Amino acid sequence: MSTITSITLLGILVLFLGAMKKQTWLLPLILAGLVISMVLTVMDWNSFHSWYNGMLIVDNTAVAFSTVLIFSTFLIFSLAAHYYRGVQRPLEDIYGVMIFALAGAVMMTSYGNLIMLFLGIETLSIALYVLAGSHKEAIVSNEATLKYFLLGSFLSGFLLFGIALIYGSSGSFDLHRISLFVASCAGTYPPMFLAGLFLLIIGLSFKIAIVPFHFWAPDVYEGTPTLLTAFMATVVKTASIVAMYRFFTHTFNGIHGVWETTIWILAAITILLGNFTGVYQPNLKRMLAYSSISHSGYMLLAIVSFGAMSDNALLLYSLSYSIATISAFGILILVREAHGNDFFSSMNGIGRTNPLEAFCLTVSMLSLAGIPPLAGFMAKYYLFTTAIEKGMVWLVIIAIAGSAISITYYFKPIIAMYLRENAGEPLKVEWAYKVHLAFMTLALIIIGLAPFLLIGLL
Amino acid sequence: MFTQYIFYFLTVMALFSAVMVLVSKKPIHSVLFLTLTFFAIAGHYVLLNAQFLAVVHVIVYAGAIMVLFLFTVMLLNLNKDERSPKPLWVKIMAIMAGAMLLLTLIGVFRGYDIKTVNDPLTTQIGLVKELGRILYHDYLIPFELSSVLFLTAMVGAVLLGKKEQINK
Amino acid sequence: MSTLSAIPISYYLVFCSILFCIGVTGVLIKRNALLILMSVELMINSINLLLAAFSAYTNDPAGQIFVFFIMVVAAAEVAIGLAIVVLIYRTTHSIDIDVLNKLKW
Amino acid sequence: MLTIILILFPLALSLATLLLKKEQALRFFVLGGALIEFGIMVAAFVQYRTSCHCQLLFRAGWLTNMGISLKFGMDGISLLLVALTTFLVPIIILSSFSHTYRRPATFYSLLLFMEMALVGVFTAFDGMMFYIFWEMALIPAYFICAVWGGNDRIRITFKFFIYTFAGSLLMLVALIYLYFSTPFPHSYDIQDLYAAVLTPGEQTWIFLAFFVAFAVKIPVFPFHTWQPDTYTESPAAGSMLLAGIMLKMGIYGMIRWMLPICHVAVHRWGPAALVLAVAGIVYASVIALRQKDMKRLVAYSSIAHVGLIAAGVLVLTIHAMQGAVIQMVSHGINIVGLFLVIDLVEQRTKTRNITDLGGLALKAPRLAIFFMLILLGSIALPLTNGFVGEFLLLLGIFEYSALFSAIAGVTVIFSAVYMLWMYQRTMLGPANDITAEVRDLSRVEMAALIPLIIMIFWIGIAPGFFLDTALPDVMTILSYAR
Amino acid sequence: MMMNAIVFLIPLFPLLGFLVLGAGIRVIPRKVTALLAPGMILLSLISTLVLFIGFHPSTASQVHQLFSWIRIGPLDIPFAFLIDPLSILMLLIVTGIGFVIHVYSVGYMKEDPGFNRFFSYMNLFVFSMLLLVMGANYPVMFIGWEGVGLCSYLLIGFWFKNHEFNNAAKKAFIMNRIGDLGFLMGMFLIFTTFHSLDYQVVFDHARGMTPGNPVLAGITLLLFIGAAGKSAQIPLYTWLPDAMAGPTPVSALIHAATMVTAGIYMVARSNILYILSPATMAVIGITGLATALLAAFIAIFQNDIKKILAYSTISQLGYMFVGLSAGAFTGAMFHLTTHAFFKALLFLGAGSVIHALGGEQDIRKMGGLKQAMPKTYRTFMAATVAIAGIPPLSGFFSKDEILAKAFEYSPLLWVFAVAGSLMTAFYMFRLLFLTFSGDFRGTEAKRAHLHESPAVMTIPLVILAILATFGGLINLPALFGGNAGLEYFLEPVFAASGSVAAHGTPLPPATQWLLMGVTLAGVLAMAAWAWKRYTAQHRGLLPDDAPRTFAERVGRNKIYIDELYQLVVVRPLMWLSKFFYEIVELRFIDRIVNGVGSLVVRTGNTVRYIQTGNVGFYMFVMILGIILILFFNILI
């Protein structure tokens, strides 16, 4: 509760500051505010509150994932100073909308009622429609926002339909009451309820970018301003997958068998398609989009193999994925700035001119690819473990086939940076940015070496 | 009996105008048919004893949203035919997809019935007082948080609509 | 004499489904972003009605409350949507979705 | 404790190396460090008591709730391979002094990092640790080969990476699967993995997964195609690391993990794998006959030799297993020696093409002598290290099947054919334009070669020391595998 | 204790010599080498003599263990030496002839820049050969077995600037390796059968086995493959003529006197195994005989002095195998010994001739050398007479013993053996007459240069000539009133097999005399024919050197065996290599692997086009997905 309050207040404060023309205070305030709300969130650890008739449930899962979300946002805002360097217009609106989006995301992690879920999703989505189009004169940004908006509102129609059907069959929006209804069904569920369930899954799948509801992702990622793409690829995905997870844990645990096959198939095709499509991309940003699609598939593994460790696995995965992705986007911002595009060829020889940046990108790529001892490996390992524990060996084999394929594109930037001849001037990076990148890289290594810091939490 | 006739009338009107939204060549006609649909739906709300909802619906949709649409159509001077409508096969595919979806949904509803029909006269759930009580009591948090959503939308609309130089 | 006793809920279900599917078909058929948005509004309205019907038949106000929220969201969405449409029109002088496909592959 | 020091010390060195700027100091530091590491290894050897299993154990919880612990230790087999690693790394470092690598600090850092990973692989007594170190060894190997390699390095090394990585992912699945088959509470501890309860069907799958992972690394025919290209394109140090130490990981993995865990499947499917290994011996030997590129020739010869080792591991006889262990060490020494000589030749003549060379013995007799000695080891002349290994391997295979042994034995003939051909065409004959101005070995180069020669004859003449070290543990493994 | 020390000293000296020379290859002056290398062998010879004198044949053979070499459970291979009559005989031959040849080499290699290298190799060779004959088990024998192969390789290719020599060296090594693989497999079979590789254990166990045991047949056949390689028998003999590329002393020591006889030694050593395997014995007999005849036939048509001697060696080795197959182990060893004497002498004599002619080896360009090189001529003639089997020289007795045994075994065998023997006489006398009689046919420059070799070379010739002449006495048969000393000496070694072998009735003396007479008459006739043809008429040496008859053409071309091998083995192998590499490796396996990779890339490239960028399309697919999910989950 204090999380949402503090974030919302922060957002409003930012807007006020903007109105008061205090641009320089914006980022420090935001970063401090995020830290404060992170602290507030963490203080809710082990408190297990249920607010306002079960509208918000603040349990450890919510706390943990909210922290991940705020942390990711924090990391992204740390890149903002560099990214918006030299921009003349006031930025409080973009920042404010980002913070509101974060509030929506946090709602999605701690909802206890489908209304809250819906509100959270819509807050997040509307904010993102805006953010995607925030580079107004760029035609790609326009296109991105239009695509995202049309598809998003279309799919949220289905989500709503699903909620309506669930309401119609169970008579409530409250997760607890729905779970009671599920229990009362004793194995035979009305088709309407199942339809609602699947439409809800579909609606969330869209946000997570799961095949075949992923189509927006590559185009929108590519068109969106890079900093906000990072936000989209991490915060939105984490929030949505957690929303889905929460939904399942709180209500539909009992009917595991019903959705298992579907999610299994979705996970499999997502992993395969995401990885296959990534192979040919000549462009880092778009490649990261496909990578994020495939990672959605991996995260689905945690849900399909729902078990005692799933939440831990998901936590580790989302955190490591987020950090690695933001780190990659951090470098991407630099490359784009220097070369005006994000083709791999623009990264040629960075390994020599900017060893630190190249190293950071390498680590993040290796982590995304799941190579030990980095965070991404441990995360994948936990996912695979949970899946194998549930006997889904074939799904895991598909997943590792995907991992093997993914090497082909994760190594492209590495090869470009280290093995190709230099293309131009060194990237110009200020020290704070470097520290930030190094921090993320270090985090990936530390999480990889000491996953027990996170793994026993939930 | 009378209510039944009203039901059928409203239903047919809603469906007809909904189809007309799609069929109309000019966006302005579509907007007008959409408004008609909204009114029909408002009538349904009344039939369902959701009077307050009906009122809000008319205000929000017919009043606000449709005006926005109209305004946009005027502003962008879109009141002309679509430049090149989608090819026929796409339309047929779309209609088939819609029909398939419909079949699926109807299949889903098969066999569904509400067992206990309450007498709406005894419970006044559709009335302002009752709804207000629940809204400000049980659903306070969503209510408050919807303001965040509005704020976002507001800022966002300004951000997008404002004509000026932005960053990259 | 109440509507609720005269008309089975399945009528509403079917009606709402048809309306929803018309909306979906509209989304698929149209190239004009504005009209797609309108079709989405049709879909959302059908859901609203469905919820209201459920709410009425079960005598549970939650459904109607939800409808309020949906309206709120729909309004916000339309506001943003129209802003986007205007934005697009400003840069491309078209709101045809098929024209906008620079981002692909 | 020594075990973990053996792992951490190179890591510390690797990180410290990055801080050094001056090349001379760097070399001194790296070589000194590697020698200290070797010294630690010697200390471990001294502490080690034969005929008592896994020793010098380091154990710490890491992910205890997941059954993963930091369990490192050494038994005889590990000890020998760690000794091999720590012995070869200083030599590889020394041999790289004659090159001026770009960004030497990074190069040496990667090299030491790789040493860390290799030691980790050989000492891990926890399944997940084994896997983690296994993969960690791949990254520096990739970078060493890709950054400092030849013209076609990008494509080749990438193939190498993805091939071996894909193989090892299967192993990961197998390990996780095994984890859940261990007695409760599940763990990756080697003893628990050995005790895993598996149906024959499960065994088969796990065997396959392990086999593919290891076969790619070893490499066993027909999983070998990454190998000749990679060796050819890698810098000398990379080839030495890959061929000398890294491919031992695969054989070691077979011995340590595959045989005891899937013993039923090994009995059932081992013959099929054996056929591959034996076919690979002949196949690679025959191909080696016509290779013009020295490195490529040695690469194919290596496939043949390690195919023999793999075959020896799979027949599950004590002699073959002992032979495999000793041959792992011998092969490491010999192939490093061969690559070293090839590198020396290439440095001097700027070519590795056998037909372009000739008459080096006239200009560089010392080089020729060292080459001959190493060559003798690799064609398994008695009293060299190669003989002990091949003798035991062939004997062990013979005990399993005379036919396989005879087929595998053709390596004895073919290796003489291609090795002598290479020797003759490069060292002997009249000198030509390319070889006319070649200088003989310098002191540093000799210093790198002499330890190898000593080892070649030590193992060849008195293999008892090595055999006895490994014997109890080989027996243990075999008792599991049977 | 004393014994022990001496036993170890014997191989130690040559090893020491090798190590010292090898280490100081560039430092040690020639004079030191000239003393050191033969000196070491001399010390070794002295040790052997001490051992021999202190050894009584009736005492049991002694095993001296140096250290445990390879030991894994039941597999225990000690580095141990066996001293018994057989090994002592071989030790004497190796060190004795080795020493003589070392001395000779000092003169022969005087001018060579690789002097030190040569002697280090030679010492290493002697060391390896000593290991071979002294080993107390098969693996130690194998050490020497391969070691001599290596030295042979090094010495054949001693003048390594010439690629033809290198090729010859490589060929020798590889053909030996083929045999060695058989040897290895034989050892493995021995181990799996007897669980030991130790001579004593193996032979003790074997003694209890029934003759004709297939396992024994297998063992012996496999071992014989090794012997065929080392002792240049069909089909692995072609390396030996080529091996003449090496310096002549090498040919004398390695390719005539010692190394090539290792196969004989090995079979004799394993006599008990062989005697129990009649099938193998038959194979050996046929192979030996065929080799003897084939090589003799080829020798007749060769013109290179060393090549003739090489084929002669092959032929004589064939004889020894015939003897072995007939169960005449002592006879074979006897012939081995005498052959070592006279063949070494022949080679050294040939070396002396080549030395005098400045490297000329073609006998057609020689002639009339007996005036210029009387010592060489005389010693050479002694050797020729010996090898031709003319009494009372050594070759007569040893060959006769084999022939007699062959007759016992089968008269047919005897007929063939005698035929070979006649051919031997012919080509040897042809060689002798063409080289030393008549007029000199070389250039004038060469004629001027003709000279007798220095003493350091002729003294060894004389020593060997004495041995070749009187060597027969060591095993003078009872028929001639001798005491069959060698037979008695070797008795303990062959006793067991003697008891196992079926005892045919010994030939009556009359038959023996008759046979001997027939052979001798033939041999003399051959000698006479050769004299007539090559000295009196000078036929057979056409100026244009065109082979006239079919036999001549075939013989001149070594029956095209090399070409045959080229066609049957080498070319197919090279073709296979090419096939494997270019088709299987590159077009198939590599292509599959790369194909998987490019399939991924191509799939990626294809799949990405579903990302059309068209929102309408996206919506369609999504709707389809939704319908499918709902349909399959709810309605089915």
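Per-chain residue numbering starts at 1, and chain names A, B, C, D and E are given in the order in which the chains are listed.
In this text, a residue touches a chain if its C-beta (ideal position, glycine included) is under 8 Å from a C-beta of that chain, and two chains touch if they have at least 3 such contacts.
Here the structure is a predicted model, which is why all the values come from computation and not from measurement.
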Both subunit C and subunit D are touched by which chains? A, E
Looking at B-C and C-E, which pair shares more C-beta contacts? B-C
With centres defined from CA atoms, tell me which chain sits nearest the overall protein centre. D
Can you give the whole-Å distance between the Cα centres of subunit A and subunit D? 42
Using mean CA coordinates as chain centres, what's the gap between subunit A and subunit C in Å? 27
Roughly how many whole angstrom separate the Cα centroids of subunit D and subunit E? 37
Distance-wise, how many Å sit between the C-alpha centres of subunit A and subunit B, to the nearest whole number? 31
Return the residues of subunit B touching two or more other chains; collapse runs of consecutive numbers into ranges. 86, 90, 93-94, 97, 101, 104-105, 107-109, 112, 138-139, 142, 146, 149, 152-153, 156-157, 160
Among the residues of subunit A, which ones contact at least 2 other chains? 115, 119, 122, 126, 129-130, 133, 136-137, 145-147, 150, 154, 168, 191, 194-195, 218-219, 408
Multi-partner residues in subunit C (2 or more other chains touched) are 20, 23-24, 27-28, 31, 37, 58, 60, 62, 65, 69, 73, 76-77, 80, 84-85, 87, 97-98, 100-104
Here the pairs of chains that touch are A-B, A-C, A-D, A-E, B-C, B-E, C-E, D-E
Complex contact set, residues of subunit B against subunit E: 86, 90, 93-94, 97, 100-101, 104-105, 107-108
Partner subunit C, residues of subunit A touching it in the complex: 114-115, 118-119, 122, 126, 129-130, 133, 136-137, 139-140, 142-147, 149-150, 153-154, 157, 160-161, 163-164, 167-168, 171-173, 218-220, 222-223
Along subunit A, where are the residues that touch subunit D in the complex? 352, 366, 371-373, 377, 381-382, 384-385, 388-389, 393, 396-397, 400-401, 403-404, 407-408, 411, 415, 418-420, 451-452, 455-456
Partner subunit C, residues of subunit E touching it in the complex: 608-609, 611-616, 619-620, 623
Contact footprint of subunit B on subunit C as seen in their complex: 1-15, 17-26, 28-32, 34-35, 37-39, 41-42, 45, 48-49, 52-53, 55-62, 64-65, 67-69, 71-80, 82-87, 89-90, 94-96, 98
